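See structure below.
To keep things simple, chains are lettered A, B, C and D as they appear, and every chain counts its residues starting from 1.
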Amino acid sequence: MILDPSRYVAPGMAGPQGSKPVRGNIYLPVPAQVREVHRENDLVTTFVLEFDDPLVNQEFSFEPGQFMMVSMPHCGEAPISFSSPPGRGGGFALTVRRAGRLTSAMHRLRPGDTIGVRGPYGRPFPMTELAGSSLLFVAGGIGLAPLRSVIDFCLDHRSDYGEITLLYGCRTPADICFADDLERWSRAGVRCLCTVDEADDSWSGRVGLVTELLQDVQVEADSWRALVCGPGIMIHFVLSRLLEMGLPRDHLFTTLERHMKCGVGICGHCFLEEKLICREGPVFSLAELDDTRNL
Amino acid sequence: MRDVLTVCCYCGCGCGLYLHVRDDRVVGSSPSRNHPVSRNNLCVRGWNAHGFIHDAGRLTEPLVRRNGRLRPATWDEALQITADALARVVHEHGPDAVGVVASAKCTNEENYLLQKFARAVLGTNNIDHCARL
Amino acid sequence: MLENFVLEKDHLLPLLRKLGRQYRLVAPVRNRHGDTLFTEIHDLDRVEIDLEHQPQSSLKPFFFPQVEVLSMYGLDHDTSSGATWYSFYPQLPENRPTVYFGVRSCDMMAVMYTDMIFLQSSEYDVYYARHRENAIFITIGCNQPFSNCFCNATRSGPFLEHGFDIQLTDIGDRFFVETGRARGVQLRRQWAYFFRDATEDDRRAQFQAALEARGLFNRLVHVDLVTRILARQEEPEAIFAELSARCQDCGGCAYICPTCTCFTIHDQALDEDRGERLRTWDACTFSGFTRMAGGHNPVDPDRQRVRKRFLHKLLHDVEHHGRTSCMGCGRCVDMCFGGVDILRFIEMVSENETEHEETP
Amino acid sequence: MTNSINEIEQAQVILVSGSNTTRTHPQVARRFYRAVDRGAKLIVIDPRRTRLARHAHIHLRIRPGTDIALLNGMMRSIIDENLIDDLFIQMRTENYTTMRDMLFGIDLAQAAAITGVPEKTIRRAARIYAQAQRSVICYCLGVTQHIAGTGNVQSYANLAMLTGHVEQEFTGVDPLRGQNNVQGACDMGALPGVLPGYQSVFDDAVREKFARVWGVELPATPGLTLLDMTHEAGGGATGLPQAAPAIRALYVTGENPLLSEPSLNGVKKAFHQYDFLVVSDIFLSETARVADVVFPAASFAEKTGTITSSERRVQLMRKAIEPVGDSRPDDWIVMELARRMGHAMDYTSPAEVMEEICMVTPIYGGMYHDRLDREWGVQWPCGGRNMEGTQYLHKYSFARGRGRFEPAAHVEPAEVPDSDYPFALITGRFYFQYHTGTMTRRTPILERESGQPLLEMHPDDGRRLGLRPGSVVTVASRRGRSRFVVELTDRVAPGNLFTSFHFAEAPVNELTIDASDPVARCPEYKVCAVRLEEVEPC
């Protein structure tokens, strides 16, 4: 369900020529309340949000891979992916890395504060199409956030999916997000492999790029699908490597990030060649992307 | 909507531009096609010349320092305090103890009045602006 | 089949006077400085309606203003819990039934394109819709194209087959009148006594004017060829780089373009707890258009600044919507500081191709 | 400018110095592009490789502050190759022999050593400039903001006179003015030494004329420049000839000296000493914040009046909306103050003020508002209502009769890099920002495009210091320190840094030096020595 703040729309509004159905104002955010704040690390925080109106809460639904446009006072809006799975009730989670003015303001939020949201927007991961396959997740840094939504969705529908493997790479141990989830997933039978580019004394795990973890994984072209998310350059190398490993292009999925203003395919900011990421993405199969060098 | 031809407020090229006004609010800028300098063209600053006019930071009332802090005042108060203070300095230290800084952002008429104010009212040639900047 | 009528030139002003009483009237007006702009007319006797010069901007600002308030927002603080409540109040523009008179074919085609972007995509833009509802377009064909026009090459003029409510053609002492969409038909019927049925002579005169206009274009370019070349996926990187280096970042091409619809949304604080959410025209030639919060920019401004603009107009929109979104109005040609307008691009790409074809 | 902006299109050779024209005077740059497209040759003199320099046929990338050495070298080369305009020199100039004798002492090899430009390139540029029929020189603050600013300007005039490239359409020497009405403020006598129309305050007849119109005696004592008024009030610090009386009260309109003046620490001290400071501005600028009284002024969209562009075009600025809030135009404020100080200024409109200006200012004799309203402005000099404006100056003779050659010798900048402060810091402007940013930084698109105080540094220097784009560095000079964000670019030469004074959070004028040209009193913003301290990798 797309949030329709129709209660704000002036009554009696008709479209041109009087023929358009009355529709809501797509630019109008709806207030959502911060219920929980989880510090993932110095720069990354997860917010669990819910709507004030219980009816909206009940009806609101989204799919893994979609995003919300989030408003903060005096800061405008930014797109942020869901990091929780749909269908669990009790709101939704957004995970944010402090990068600009808006995300910095979000890091000052406390439980009980409200933010504005509109959405959900974008094309999600094709969860039905993925059913029956084994899944390889490859994430870099905060790129794990949208994949977390998928992994938990799969665990909620465990019998629909085969083996699940997660390869997770971060720059340093301090950059790791969702440490608790990694443990939880391991206990639930997800094979989790982590690596960091630069280790410190606290780190006893692997050191190296996430692409190197791919050596430890056996994937079978027919029955495996891979979902990749992280910095553009990492996506490029991981997808190239997976192609070499024999996975066909339409078995590889990624989700992309762009500067975005409207979220609904009008403002034009989030273009990638002829596509608009907000509408035709953010999730793409590699078969739909010509060139991954400039992601 | 009204279109008012004026001159750009930024650099010294002197582009002619239209300010588009709706309900006493400037909602856009665009170039004049026949203006000899701008000739249908503006730089990015000219195209955005309306951008700051309605900013919330605009000063909308006179301010006077009281107990160390600037506080709102009436025009009458602000002008009288200033006139008295300038007169006092002229009286106590002579006209050359007062300086006037005119502005490359003000009109010719305003600059003319400012230098006249310095020379005829205060009695000093201490008048300059940021020509060297 | 379209119905055809004739309106004597002497009767135009009286007709506009009638329309002006019922609708807001917008027409190209030559102001006292000599510039011609689409202007809201309050008193027909005090303005000079100008059908000789191209209006310097299109109708875009009427439907999609350069700056528009989307909503107000406010913060309420709960002193006991310390939490803040954040709410939005929409500011929908007023809808005013308007007759747009003297609209050129290119500008009419541009309105049809922007309708598609704002109203027929998956989402529906109520702000645009509010401005756009209840608009009637009386267009005028171009017997004499302006100096930088190339609408014949983009197939958006000089005369239209459809899209207008009423289309006028200047045939000497009278206008040839075609009614198109329902509102035009209705308007013609309402003021039937201004119009007489067209004769065969009138039709021939109209046909002749349309035919002659095609031969009067200054700028001869082959837009379809360029679309085909771009579709081959051999990117003219060198041309993009050369033009990008000369681009002066003014954004003028996008601002003046009747089909450029990109915008940005930002908040303007009014005080600590209140503010306005505004949308403002934006341009894909700015570096900040694609730069992300962390500073990464997927577009290389030095070499690709103008790339999206030209590909979007000449290729991507052909793929998405079946036609170029350049309507050949030529406004950006005059406008460009660095001389890197779309005509120059089209010419460079075509020349490149010709050279290739000639070298075995 | 002696010429009009449109004339530049017709030039055959354009010599641009110390101007990032595409960024700061886009309309002028637009004419450069047109001219080059028509076959003109473009020569750029600039320590930075600006966009325009990339577009140039010859880029003379001099060491900052070495214009005179370069120009003397060029002129020597012009004499050597006998490309001077004998007839022009004979008929229109004076003091040529002194000039020639000085040039005979110039050694091109030495000029090359001082400027860092190869001898061959100097010769080539000189030849191109001298040989063309229509050569135009445009310069900006890169020439004037040096302690040798006056010498720089004179040298460009020398070059133009030597080759006869003045007094005609499409040729000349054109200083580009930075602000929309900096020309007008000068024309109107907002300068210590002159009354409106550049009529000297030391000329008894002139003072007499104004006294009759204004009804008061005018002061004949020399006034102080902005630099002297704002640096340690009454201080000898800036090398005044005689000790001036201390400034006790200052009235500032629409300027922001607390961000824009050099060596800000000194300025702050001066402001601290004033008994009374009144500021009129549209925003609470850094300067307004410390004032005793602040007047809210109307913006350009809210008042009527004339402004004068760089090409001497006097144009009418028309009021579009009522003043925001309770703000008022500055002319109203000044008249109110004057009235309260016992000197009524009873003008009912800006047009009436202009009528008086027309009367007392010969070059503005015909600038009546009703006329300006009908035309696209008029270029001064224009002596009367029925006279035409003037497209280019010095048509038949220079303002002062003959053009006088003023030989100048190279002067090193007041502060050059050394082992303690190894970088030369150049200051200037960014495209999307303007001046101290009070207007542009509140304009969303402009602030988005360029919202950070960037410090341009050559990639080699960056590599050597381990800096990446986005690293934050503290830059220190002998006067202060300030923090910037590094941008690595070959626009600057190794050893040079470039930044701008738009950003209050990174006040570059904490670093700059208040040494100034002894004649023009123009501070040397363009070069000072700095070092990097405290580097935070991004």
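Operating definition for what follows: a residue touches a chain if its C-beta (ideal position, glycine included) is under 8 Å from a C-beta of that chain, and two chains touch if they have at least 3 such contacts.
Bear in mind the structure is a predicted one, so any value in this text is a computation, not a measurement.
Relative to chain D, the chain whose mean Cα position lies farthest away is A. Contact analysis places B-D first among chain pairs (by count of C-beta pairs in contact).
Work out the mean CA point of chain A and of chain B, and you get 50 Å between them. Rounded to whole angstrom, the centroid-to-centroid distance between chain B and chain D, based on C-alpha atoms, equals 19 Å.
With centres defined as mean CA coordinates, chain C is found 37 Å away from chain B.
Each of residues 33, 248-251, 264, 266, 268-269, 275, 282, 286, 337 in chain C touches at least two other chains.
Shared interface positions of chain D, defined as residues touching 2 or more other chains, are 26, 30, 376, 431-432, 444-445, 449.
Counting partner chains per residue, chain A shows two or more touched chains at no residue at all. Every residue of chain A that touches chain C in the complex is listed here, in rising order: 5, 8-10, 13-17, 20, 23-29, 31, 71, 73-78, 99-100, 102-103, 110-116, 232, 257-259, 261-262, 264-269, 271-274, 279, 294-295. Across the interface of their complex, chain A is touched by residues 70-71, 73, 75, 78, 81-90, 92, 115, 117-119, 121-127, 129-130, 132-135, 182, 261-267, 269, 273, 275, 277, 279, 282, 284, 289-294, 296, 298, 308, 311-312, 315-316, 319-320 of chain C.
Of all the residues in chain C, the ones that touch chain B in their complex are 31, 33-37, 39-40, 56-57, 61-62, 65-68, 248-252, 255-256, 268-271, 275, 286, 334-337. Every residue of chain D that touches chain C in the complex is listed here, in rising order: 22, 26, 29-30, 33-34, 37, 51, 54-55, 374, 376, 431-432, 444-445, 448-449, 470. If you check the complex, the residues on chain C that touch chain D are 32-33, 245-246, 248-251, 264, 266, 268, 278, 280, 282, 286-288, 295, 337-339.
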